[in-house]
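You will see two complexes here that share chain A, one where it goes with chain B and one where it goes with chain C.
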Partner chain A sequence: MLEKGKISAFQMGVMMYPTIIATAILSLPATMATYAHNDLWLSPIWASFAGFLTVYVSHRLHQYYPQQTLIEYSCQIVGLIPGKLIGFLYCFLYLMWTGQIVRNYAEFVVGAFLFNTPIVVVIASMILVCVFAVRGGIEVIGRAALLFMPLFVLPLCLMVLLLLPDLDWQNFFPVLENGIVPSLKGAVVPHIWLGEFWLTAFLFPLLADSSKGRKWGMLSVLAVTITMIATNLFSLFLFGSDVSSMLYPLMIASRYVSIADFFENLESVVMAVWVLGAFVKISVFFYVIVLGSAQLMEVTDYRPLVWPIGFLIVLFSFWGIPNMIVFNYLDETSLPYYGFFMQILLPLLLLLIAKLRNKPQRMKSAA
Partner chain B sequence: MKRILLTLLMMSLLFLGGCWDRTEINDLAIITGAAIDAADDNQIELSVQVFIPRALSAGRGSTSSGGNLTLVKSAKGASIADAIALLQTKIPRKIFWGHCEVFIFGEDMAKRGIAEEMDFLVRHPQPRERAYMFVSKGKAAKTLELRPELERYSSEVIREMSDMHIGMLVTIIQLKEMLRGKSNAAALPLIDVMPPPNEAKGLETAPYIMGTAVFRKGKMVGEINEKATRGVMWIRGEVERYTVTAKLKNVQGTVSLNPIHSDIKFIPSIRNGQWQMTIKAKTEGDVVQNGTNLDMSNPEMIKLVEKAFQQDIEDRIELALKQVQHEMKADIFDFATDFYREYPQEWKAAKNNWDEIFPNVKVITDIHAYVRRPGLVTLPGGIPEEEVREK
Partner chain C sequence: MRWGVTLGVTLLVLLIILFELPALRQKPLRDKIAFFSLLLCGWVLAQFDLPNMAGPVTWLNELFKPWGNLMKK
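Let's turn to the complex of A and B:
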């Protein structure tokens, strides 16, 4: 193993939560509302199947190859060359996605708060912090996630509480106006976010108590789903059918808080929360790329790779993304297809082959 | 290794120390209110009320309230964004919208259409979504120039008044919902300037909310007065605190009540192609003045008061319906959404004809008004006991 550190299953669950939610709560409610209108709260439920499935698949594969990550066991499942190819695909996919995540984070910060700051500064400073976390190894990221978790969740709950008087629950109706199809369409994009639980394929071997891995993975999916339903309902109740026209509904919600004329303008709180969440999210993705590529190239230490990959992420955050409009467009057009292939189809295929390969062996040992 | 780390740490100072978006507060022109008026050639005139911080600190010691706390600047342009660019050339500090809580459209602007300018307010990151929207009788800019006696500046006056729910209260987000909603109609509080007590005082007066401006498809189509506004607010369920003064049948004098709680429900129904809306309202109030000779401790008498209370609300609702539904044909009550929620399929078929359907929606009111407490005295406070009517 390249990674000497171990985390607990609970830490993994906590770590995965901001990894999914950090970007999911800001722009996804609007995306879901575009397709599902006021049934948007149903979409995360459909999307959660993708999350439960990926955790299940990655845990089954982990049972077949307990000490190995995806990169290593894919070579055993489909042979050296195809296995390396798959490993490369995942490393590349996560590299590209991390670039997009960093860009999304930076666009939000620059577009809504720091208008005059060059975006590269925002991106580079975030990557710099993440580099230190990733160099520290999985234990550091796990502990940071544990530390930031309450700071991430509590302000969001507080915001909902403060806006209770402005909510109009009647926006909930009519339910299923056009049948179930719009809410399914709304689930197409968020299923990628829940499918990101496929990252656990890299994390399961690092668990100190891997027997609890599946339980905490599933619980994390559940928590993510509930959070998404809650934020969707919250934006629906607050803004009605207008959610779809907003880029960052939750940020606008935080600006809408006004208690007793002085407790207002809380968007800086959302910004702080978002930075914490984005830090955990980027660190986890970053770490997985570093670990994955180290295993792919079979080097003895992953630390030397951290800086160059950090640099690559900065580059990927600019390559292919001319502006936010194209970014959002790609999120809704190409992402669901290749995301589905990489996070659902390919893992299922791997599991199937692994099952076929391992069956005769087990029978042999029994005989 | 240590040296590298040290260099790294020092390099991080570069990121910590510099901040591109640092703006000192004394470089900001804090806008407290903005007015948007129509100008010639399809242009707009933007006027802003800028807070003068120096006046606040200097004025503390002096007794006179003559010092102006704000100044008003205006500029013309093709749109708000264009006008701001011109305005900025006249103000030495950076224009800052973050504290602008009041936006006023001039009457001419409202009649021309507010859709284009609304886009700026929701798109630009600085204006607050909770800022209040108004329409002003005549030119909006004049409101900003007033020097009210009680509050620090005129936009604060109308904001405070709105917070008391004297007239309608509409925030940017709510207006956006109305404009983009199913009903194609919107309503904004209408303000006017109180005439100054005497000529010499000139600008030392304040704006007040005089009614409601009614919009259809983003254009102002009419206005309703203060009385009908109450009816509209009753229907929209926004009534919070005001006094109902009801005239009882066959009794001299009036009884005034303070409603403390009201609960409105809409029940849409479509029967044989007839669209119908039942407004169910339940309200409770306390007697605050009894100008009649009725004994307020007598349940029979209270029933009479309740009846008058109920009649008064019904009259107001009817007045509002007559003006808004039948004359202006603007669905500012958002019946459209209620029908859509209850009858999504019928709504889909009819939504393009809503403008024709709405004036013909039959409205039935079902009001229950209750008097809960008689106040601190039971018998009429100003007449001898012999004259009190017990039955």
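Let's turn to the complex of A and C:
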């Protein structure tokens, strides 16, 4: 085992929450509203099935191959060369996605706050911080996530409270005006975010109390779903049908807050939350890439790979993405489909093969 | 060629090597090869005008575009 550190199942659950939510609360309400209109609050419920399924599949695979990550057991399930190929695909996919996450983070920071800063500075400084976290190992990331969790959740709840007087409950209606299909269409993009729980395939072997792994994984999916429903309802009540035309509804909502001329300019709070969440999210993805590629190349230590991979992430955040228009176009036209293939179909296939492979052995041991 | 970028990236790569070298010396050859090949990939990639070049995201998009267009109908 490359990683000596251990985290608790609770820490994993807490770690996964900002890993999914950090980017999901900002731009996803608008994406869901584009397809689902008034029923955007239903879409996370459909999407949550993807989350529950991936946690279930990754936990079942973990039961078949305890103490092994996806990279290692895929070689045992489908053989050395196809297994390595699958491992490479996942490392490459996560490298690509981390690049996109960092780019999304940086574009938001530059677009909303640091107008004159070159984007590469924002990206590089974030990666620099994450490099130190990842070099510290999974324990450091776990603790950082635990530490940042209240700072991440409380400001969001506070913002909802402050905006309560501005909410218009009538925007909720009509429910299911055009049937169930629009809300299902709205779930296509967010199901990728919940499918990111497939990262637990790398984290389950690192748990000190792996028997509780599934419970906390599922609870984390539930928490993510509830948060997504809440933010969607919140944006719907505040903006009505205008949500779909906004790039970052929550950001605009925070600018609305004005109570007693004292609570104002709360967008800086959203910003702080976003930086914290993005830090945890990028660190977790970064760590998974580093651990995965170290296991893929069978080296003795993953730490030397952290800097080169951090450098590659910076490059991948630019590769093929000239601007945010292209970025959003890619997010909607292709991401949900290859994401579905990599996070749901391929894991299910692996589980099926693992099940068939392990059957005769169990019968032998029973006889 | 953008010489400024080449120079900056080379400097960055050298800094990373300097930072890791003391720890890397004691590691087996496999680790060293992995470290240097990843750095080389990064160095080579950085020489291109990446934002305006077709990347993996573009290829995947070409591959999965039909599904996306189906959704938009």
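The definition used in the following text is that the second predicted complex is superposed on the first by the 367 of 367 C-alpha atoms of A that agree within 3 Å, B and C clash if a C-alpha of one lies under 4 Å from a C-alpha of the other, contacts with A are read in each partner's own complex, and residues count from 1 in each chain.
In this section, a contact is a pair of C-beta atoms (placed from the backbone, for glycine too) under 8 Å apart; a residue touches a chain by one contact, two chains touch by 3 or more.
Predicted model, so just to flag it, every value in this text is computed and none were measured.
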First, second, both or neither for A:56, with chain B first and chain C second: neither
Partner chain in contact with A:64 - chain B first, chain C second, else both or neither: neither
Partner chain in contact with A:100 - chain B first, chain C second, else both or neither: second
Touching partner for A:297 - first (chain B), second (chain C), both, neither: second
Which of chain B and chain C A:10 touches, first, second, both or neither: neither
Which superposed partner A:88 touches (first chain B, second chain C, both, neither): neither
Touching partner for A:333 - first (chain B), second (chain C), both, neither: second
First (chain B), second (chain C), both or neither touched by A:307: second
Interface residues, chain A side, partner chain C - complex: 92, 96, 100, 185, 188, 293-294, 297-301, 303-305, 307-309, 311-312, 315-316, 318-322, 330, 332-334, 336-338
Chain B partner contacts - residues on chain A that touch it in the complex: 111-118, 121, 124-125, 128, 170, 173-174, 177, 239-242, 245, 252, 255-256, 258, 261, 264-265
Interface residues, chain B side, partner chain A - complex: 12, 15, 19-21, 98, 125, 128-130, 163, 171, 173, 176-177, 180-181, 340-342, 344
Of all residues in chain C, those that touch chain A in their complex: 12-13, 16, 19-20, 23-24, 27-28, 30-31, 34-35, 38-39, 41-42, 45-46, 50-58, 60-61, 63-65, 67-69, 71
